[in-house]
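Each of the next two complexes has subunit A plus one other chain: subunit B in the first, subunit C in the second.
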Partner chain A sequence: MNSRTKKFRTVYLSLFFVILYIPVLSVILYSFNKSPSTAQWAGFTLDWYKELFNDRVITEAFKISIQVAFLTSILSAILGTATAITSMYVTKKMEKTINGVMILPLLVPEVALGVSLLLFFNALRLPFGHLTLVLSHSLFCVPYVYIMVQLRLKEINISIIEAAKDLGAAKWQIIRTIIIPLVMPSIITASLLALAISLDDVVISTYMSGPTSTTLPVHIFSMMRVGVTPKINALCTLILVGTFFIVGLSQLVSRKSRKEEEFK
Partner chain B sequence: MMKIKMRKLLGILLSSILVLSVVGCGKSDKSGQINLMTWGGDFIPREIINQFQEETGIKVNYKEVTSNEDMQSLLEANPDQYDLAVVTDYMVDILRQNEYLEKLDKTKLPNFSNINPGYQGNYYDENDEFSIPYAISTSFLLVNPEGVEKLGASPITSYQDLWQEELKDNIVVIDWSVEIIGLVLKSLGYEYNETDPTKVEEAKEKLFALKNNIMRFETNTPEDSLINGEAVAGFMYSNQAVKGQASNEKLKPVFPKEGMPIYIDSFVMSKKAPNKEAAYRFLNFLLQPEIGAKIAEITNFSTPNKAAEEYLPESFKNNPMLNLSDEVIENTSFYINVEEVLEEYEHIYSEFKMR
Partner chain C sequence: MKKFKQNAPAIPILAWIGLLVGVPLIFVVVLSFLSRDNLGNIVFQFTLENYKRIFDPIYLKVFLNSFLLAALTAIITLLIGYPVAYFTANLESKKRSLAIGLIMLPFWISSLLRTYGWIILLGNTGLINNILLRMNIVKSPLSMMYKFSTILIGTAYMLIPFMIIAIYNSVDKLDKSLLEASSDLGASKWKTFFNITLPLTIPGIAGGFTLVFIPSLGLFFISDLLGGGKTIFLGNLINTQVTKGRNKPLAAAFSVGMIILVLVVLFIYSRVTKDNKEGLF
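Up next, the complex of A and B:
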């Protein structure tokens, strides 16, 4: 690569990231703005953060969001991993079918999914609240776990498993002592991703939450009618910091596992 | 082998459902609470809800949603889950026709007499059987007269004035087809949601002529463009105009002489409401004059509560955008039959925005 293309690459990439992150930076900046309007900068203040922590509705919604996201990531990690491992032991045709069925929830428009889940859970007489939120969020988080774990499974050296079989290991034993430890980093990364996706969801949560379980994103979107206060900028800033933390953590986990592998 | 796997999978699924249902339960006692559904934030101020809870011991669960259509889906799927909802005028009509609304028993609402008769008997509920007006809002123009003068344009008093060439790239508008095409229709002297193809065609052409003057389409904070001087005129909702003027005193409301839209957000009760008695108590509580005044002050929506007017602060009473004069109210009209025109209007609107 000559120096001109190199230069071009640097300029292009930095421009790309600047444009990508300017809106994010402006949210952070305005969370410290004294004026309640984004039209003018009136000086530095921490008042919006103070107001944020005193807002019982937001803290309650945040708590619900976190609980749901946490349970969702656990449930979808279990279901996604189990399905991915199952797909290893079935015929090629069956595997394709499983693949198709798993991707389906990602292709259905969210509104359609939300309304049909609403009718379905209603027919089952499930109480709307944490339970329905976790189940529905898992529905569209499982595919991500499935895809990520399956990719990792494909990388496993088949001779390890064959050696174990030769030495008389039972199927369950192989799964527990060889396969799961090998895909663990993927499971962790995938469940962190599920956590973030679940925290993000608005459309399905609107339909799935009961009268007492409004999640944070739904709360923010529902404020549009009356007008959003800079409290929300402060909140977004905190969430951003949290998200970067989670993403960083997952990067760290996968990098560490890569390194370990190289050693082997 | 396959079957065993599937059974195991199913086992995991079922046991997790079981665990989660245990987590989710524990809220079977429904007697002392009502479930309310509407827009969030302070649309119905928590302060007011807390006061009601303290006075009566009835707990109010506030489910927040983003749109009238969401409320419709939720209410129609679970009519026995919600007691009350606040929806906009046209949605009252839809819900009433679909028979999801309870006919309100006025003997349980002695404070209903506080409601301004001017906001009663509208098309969506001719005999005031199903709905109680809660918040009134309109859309109109917010203008920076100095800015208009500087550009060499004549003062803006009507929609028609927005077409002046001098206003190039100086107008901000709400980003919704029905709203903007409605503005054009009014400027031509027609009614909202016109279906006559020749009139719609005429409006379409006039709409395209406005394109050069619009600098921004913005639904959430159109007032900001006026505050920071990017635009000299904007078509926006009343609560946004109020906020804009509070930040910049130079900005003045203009109630276009051709007429304006009005939105009446109204309380409705589900036909299968689980706790009707408590819901009536809540409605009657909200209809008190002092409470009505406090709600209006917090939300920046005009109050339909006539008796509340004397409790409003001076600043609210003297604000023509909040305390709408009778002649302004007379010049307003509803968006009726939105579903009928929406597709056609959206089509025109997207063509307009692409130009």
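Up next, the complex of A and C:
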């Protein structure tokens, strides 16, 4: 690559990344603006953040979002891991079927999925709220856990399992004492991922929320529809910080486990 | 029989997804053929009325709008994203991990925040107008919100990381010796690109197209926030018909239409990448 192309490459990529992050950075910037309008910068303030904590509706929605996200992440971790381990023991053809079925919730457009679940749960007369939210969220979180745990399972040295078998270990014993500890880092990373995905979902939650169980993104969406206020900026910024914390944590877990492995 | 025993543990999970995806979808298909009474209650009477209404000029336009938005989003993200993917794949390893990190990071940023960011930028009292007014480039604020193009910007911005990652993976897999051979044989850079690089990365382009097209059909919050409900898309239509509870069978018929559109895209995708073993799915 000659220097002119290199220069063009640098300029193009830098420009792209600047545009990619400007909208996000401006949301963060204006959360500290004293003036309620974006028309002018009136100085730095933390008032909008203070206002958030005094808003009962927001703190309530936040509580529900957290509860739903935790339950979703636990359920997804169990189901996703169980399926990944199951896929090791079934026939090749069945494994392919599972792979195909697992991708299904991610292929159906979210609106169609949300609407079909809404109509279905309605017909079953399930009360809309935590239950429907957790069920629907785990539907698109399980595939992620499945994929991540399966990737890790494929890396396991088969001879370890063979050795355990030869020494008389039962299938359950092998799963419990060998497989699960080995894939634990992946399970943790994947459940953190599920936590973040659940916390961010708007479309499906719009249909699954009950009258007393609005999640935070659904509430933010209704706030945004009314208009621009720095309070929304502050709320979005806090969520961003929270998500990055979760993602950072998951990165830390996976990096640490990788290092330990190298050490061994 | 032995095979069945071996596969038995897979039954619960298949049943679980089947119950939560398969059954509701069948339910929607059935519902789309049912009628409703004046109160919006569902009546168990077979009708094709809901499907006929799709071809109503008003509703047909909604389908066209959505198709246009999805197709344009895919094209724009391809045009902007291809060079990003290509250049990133050619960076030295340290810079490359940084660039990939920056491309992936938006996945972790709330999609509402990313949409809202454009309101802050493009609004009448937004950042861009402030700067233009302050610099005396314009006399009165430019009106940039609530247009089809605003929605297009928002949707393309939301989905471009998918396009870049899909193309990046296929550029990264390119056999570098082919490129060297081409330049050794005297082909110009552009010729090498169009004759070798581009054809070989078509699976990545097709993958990116699919990954961008499908979600852009349903991101109703973007058109709500950036379009102000002026242009109606499939996602908005289904959303209002269901949540306002007016006509669920019609919403069901539109959902079926949307799913058929997705299936068509997936079919085309599988055709394009038929000879390529490493597909997305």
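The working rule: the second predicted complex is superposed on the first by the 242 of 264 C-alpha atoms of A that agree within 3 Å, B and C clash if a C-alpha of one lies under 4 Å from a C-alpha of the other, contacts with A are read in each partner's own complex, and residues count from 1 in each chain.
In this section, contacts are C-beta pairs under 8 Å (C-beta built on N, C-alpha and C of every residue); 3 or more make two chains touch, one makes a residue touch a chain.
What you see is a predicted model, and the numbers here were worked out from it, not measured in a lab.
Student: So, on subunit A, is it clash or fit between subunit B and subunit C?
Tutor: clash
Student: Where does A:170 make contact in the superposed view: on subunit B (first), on subunit C (second), on both, or on neither?
Tutor: So A:170 meets neither subunit B nor subunit C here.
Student: Tell me the contact category for A:129 with respect to subunit B and subunit C: first, second, both or neither.
Tutor: Only subunit B is touched by A:129; subunit C is not.
Student: With the two structures laid over each other on chain A, which partner does A:160 touch: subunit B (first), subunit C (second), both, or neither?
Tutor: neither
Student: Tell me which partner A:228 touches in the superposition: subunit B (first), subunit C (second), both or neither.
Tutor: Once the two structures are laid over each other on A, A:228 reaches both partners.
Student: Is A:115 in contact with subunit B, with subunit C, with both, or with neither (first, second, both, neither)?
Tutor: In the superposed model, A:115 contacts both subunit B and subunit C.
Student: Is A:219 touching the first partner subunit B, the second partner subunit C, both, or neither of them?
Tutor: first
Student: Between subunit B and subunit C, whom does A:196 touch in the aligned arrangement: first, second, both, or neither?
Tutor: Only subunit C; A:196 stays clear of subunit B.
Student: Of the two partner chains, subunit B (first) and subunit C (second), which one does A:35 touch, if any: first, second, both, or neither?
Tutor: After superposition on chain A, A:35 lies in contact with subunit B alone.
Student: A:82 in the overlay: touching subunit B, subunit C, both, or neither? Say first, second, both or neither.
Tutor: After superposing on A, A:82 lies in contact with both subunit B and subunit C.
Student: Mind telling me which of the two, subunit B or subunit C, contacts the most residues of subunit A?
Tutor: Between subunit B and subunit C, C touches the greater number of residues in subunit A.
Student: Indicate the residue numbers of subunit A shared between its subunit B interface and its subunit C interface, in ascending order.
Tutor: Overlap of subunit B and subunit C footprints on subunit A: residues 37-40, 79, 82-83, 86, 89-90, 94, 115, 118-119, 135, 202, 206-207, 221, 224-225, 228.
Student: Which bits of subunit A are touching subunit B when the two form their complex?
Tutor: 35-40, 56-57, 71, 75, 78-79, 82-83, 86, 89-90, 94, 115, 118-119, 122, 126-132, 134-135, 202, 206-207, 209-212, 214, 218-219, 221-229
Student: What part of subunit B is in contact with subunit A in the complex they form?
Tutor: 1-2, 5-6, 8-9, 12-13, 16-17, 20-21, 23-25, 27, 35-37, 39-43, 46, 61-66, 70, 73-74, 77-78, 81-82, 219-221, 223-225, 227-228, 239-240, 243, 247, 299-300
Student: For the complex, give me every residue of subunit C touching subunit A.
Tutor: 3, 6-7, 9-10, 13-14, 16-18, 20-21, 23-25, 27-28, 31, 80, 83-84, 87-88, 90, 99, 102-103, 106, 108-121, 123, 125-127, 130, 157, 160, 189, 214-215, 217-221, 224-225, 234-235, 238-239, 242-243, 248, 251-252, 255, 258-259, 262, 266, 281
Student: Give the list of subunit A residues in touch with subunit C in this complex.
Tutor: For this pair, the touching residues of subunit A are 1, 5, 9, 12-13, 16-17, 20-24, 26-27, 30, 37-40, 79, 82-83, 86-87, 89-91, 94, 97-98, 100-105, 107-113, 115-120, 123, 135-136, 139, 142, 196, 200, 202-203, 206-207, 217, 220-221, 224-225, 228, 232-233, 236, 239-240, 243-244, 247.
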